[in-house]
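For reference, chains read A, B and C in written order, and residue numbers begin at 1 within each chain.
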Amino acid sequence: MSGQASAAPLLELRQISRQFGGLQALSEVSFQVEQGEIFGLIGPNGAGKTTLFNLLSGVTPASNGTIHWRGQAMQGLSPDRHNRLGIARTFQNLRLFTGLSVLENVLVALHRQPQGGKLDALLNSSRFRRRQSELRERALQLLEELGLADQAHRQASGLAYGDRRRLEIARALATAPALLLLDEPAAGMNPREKEQLCELLAQLRQRHQLTLVVIEHHVPLLMQLCQRLAVLDFGRLIALGTPEQIQRDPRVIEAYLGGSR
Amino acid sequence: MIDNGLLVQMILGALLGLSVYLPMAAGQLSLATPAFYAVGGTLAALLSTQGNAQSAISLWAVLGEMLLAGCLTAGLALLVGLPVLRLRGIYLAIATIALVEIVRVAILNLPFTGGAAGIFGIPQPFQKPFGYVLFSGALLAVCGWLFQRLEASRLGRSMAAIRDDELASRCMGIHTTRVKLTAFLASAVLAGITGVIAAHYLNTWNARQGSFDVAITTLAFVILGGSRSWLGPVIGGLLLTALPELLRPVGDLRLVLFGLVILLGPVFFPQGLITPALLERLGRWKP
Amino acid sequence: MIDTLLQTLLNGAASGGVYALVALGYTLIFSVLGVINFAQGALFSLGGYLTYLLLGGKIGVNGALPGWGLPIELPFWLALLLAALGSGAVGLLVERIAFAPLRRRGAEPLLSLITSLGAGVVLVNLLQLLMGAEGYAFPQAAAGLAHLPESLLLGGARIRTIQVLLLVISALAVASLSLWLERSRSGKAMRAVAEDPTTATLLGINSVAVVRLAFLLSGMLAGLGGGLIGMSVSLAGPYFGISYGLKGLAVLVLGGLGSVPGAIVGGLVMGLAEALIPSEASGWRDALAFAILFAVLVLRPSGLLGRRQLEKV
């Protein structure tokens, strides 16, 4: 906790727990994420990382504890409300709109932008057409940033694996979030792609004033990317700190770094 | 070979196909089209046979009935859709089957709907079937325009997204319940006003008009025609209404054939007749 | 007064038992696949007609082969059992055609609702082509039930023997199925697949076999119900099973989707509720189940005994 009279942290978890039947997926996890941070989340398989994302995006409710967004409790809000508050996410096992084109995937996510009026949509007025082509421009621009512009008219299901991961990011960005939750964005990428992704995420954070929370198995990538990391093991927060602190933490070495090597 | 009478039925079939297609375009299976069709038809039959028996009715009166039927079916759809559409998709399928049964039993048992025999002598706004062709054809054209605009709009895109992945849509901030409800309401209104036209055209109306069989045939329209564009159900509705009439000898096999379409269609030709690839070849550019 | 009430309750319990059979059939498939098999009502009809034919019944004048019948006259028990097996076999066929190809392709689960509906429509209309739309009464004398009295006196109430049989047989079927799910190896495998298909596969449980078993059993339950209703009431045309299939859906929601005890309790509640409708309002009886269904969806979507379903991400 900072003793200063500064504004509330962007995101704050207070004693978050989640049970599934008899399984304790998360127990009493607390941490804060500050505005503009890149925050890493690591831990072995089944440590509760994705469950935590599901809680942060409103997909599953917490069993106990509260999550605060800019100082306000977000209890019982639906996933769409979470998004409207400024939290967007990607999915570990990719949930693109596979029946739509790459461009349409991003256009769908631009739904909160002014569309040019309902009546205009009905009459296909020039105002509506102009507005829609502006939206397409905006979508293309996002695709450009993620290096997907040349594939804009392909069906999303036809993309290569790494491109699909980037499209998920473009789609999430289109909802203009303040906080972006990335669930294993580098999974399935080769080392060169991972390197590029790292640079890209840093750029995106700058350009879109983002705060990032990243789940990743590839620990070196997170060590390089993040200012701070949290380590989960069996649903418990076992360490929290800078990459250097985490690397030296004996519990982390015991539970994660040591165990998995 | 296709006379005006058959043409009217084909167009009505296309309209009902569109009614089934709307929720499906948002990933929902609604089997309630016959229920709303029956509500619309019964309303028209009741209103237009009040007072002195007449054989003619003004077109304005029919339009008024359509307006009323639209309001009534929208209200009913809201009542059913609000609690159900928050739940998993399977619940809508079950609830809409239930609605068809409730409406059927109600029309059969209410004291003023004529029981099993139904209501007779529903007055005609047109002297000849050709009038109905023009009228229902105009309605179909308007619907075509609306659907075309829908697919180019935010609502249409949101529906397509929900169909592909409802949870991802919610995480993109789409109010999925509202989108699904809108599609369901529009589907109900379309079936209701189609029922009004059908009641006048058929001259008589009873509980069987809204039986479960209608759900099967209209579903077959969408599966055969294809559910990736509004043209699919229109083509499916036109074709499958015309076919059994043209192939009279088929007779009892009609429902077996429709059953086979919805049994085998999703397995062997999941895109139907009107595929996205075909549309592209026809030169319609999809943004 | 007490007598008529007792009579009403027993009638209700008897039809409630049949509803429970149908709902259990839905439950078995829902719990392993998360989908509804809309062909269940048609399998119910099939069971009724198979029982009729196995009892030595002849096809009526509107059928495809008027006057034709099987050259055998089996006792009721055997006919019922074989008919159930027959419906179960067709249930397997429905799985093969309407479910398996879509599952392999990973298609949206809603599509299997459509294909199973199609399977049901085809089945019922083939039955209609073969047997005609007319009603059939079972040949009672030949059924090996002739030695039983027409009705029994139970605590002052006069009950038709067949109603008692209906209740006893469906109770036996429900009880043995529950016990089997609880105790046997395959029953446990089925529950494991219902809990978590991926882990079950990792544990070496053949989930394809479990799915087929679910369809076989579910078809058998439907067939059994059809035979029993045919015996106690008569076969009112090939569509008679559809109305039981639809009411079974209401029972399923009432009890809670995927809950075995829910299906049983829901069936009994539904049967009793229908039996308590006064005869002046009997025209509305068919709507009661669906009114209850809506009430459940509004007030308690998870049903009487259901668990909340969570979507997996």
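To be clear about the criterion, a residue touches a chain if its C-beta (ideal position, glycine included) is under 8 Å from a C-beta of that chain, and two chains touch if they have at least 3 such contacts.
Just so it is clear, the structure is predicted and the values come from calculations on it, not from any experiment.
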In terms of CA centroids, furthest away from subunit A sits chain C
If you average the Cα atoms of each chain, whose average lands nearest the overall Cα average? B
Cα-centroid distance, subunit A relative to subunit B, in whole angstrom: 41
So, what's the distance in Å between the C-alpha centres of subunit C and subunit A? 47
Between subunit C and subunit B, distance of the C-alpha-averaged centres to the nearest whole Å: 31
Where subunit B touches two or more other chains at once, by residue number: 163, 167
So subunit A residues touching two or more other chains come to 59, 91
So which stretches of subunit C touch two or more other chains? 311, 313
In the complex, the residues of subunit C that touch subunit B are 35-36, 97-98, 101-102, 107-111, 113-115, 117-122, 125-126, 128-129, 242, 246, 249-250, 252-253, 257, 283-284, 286-287, 289-291, 293-294, 297-298, 301, 309, 311, 313
Mind pulling up the subunit A residues that touch subunit B in the complex? 57-59, 78-80, 82-84, 88-89, 91, 95-101, 103-104, 107-109, 111-112, 115, 121-122, 124, 132, 136, 171-172, 174-175
Subunit A-facing residues of subunit B, complex: 146, 149, 152-154, 157-158, 160-161, 163-165, 167-176, 228, 286-287
Could you pull out which subunit B residues touch subunit C in their complex? 27-29, 80, 83-84, 87-91, 93-95, 97-99, 101-102, 105-106, 108-109, 163, 167, 212, 216, 219, 223, 252-253, 255-256, 258-267, 270
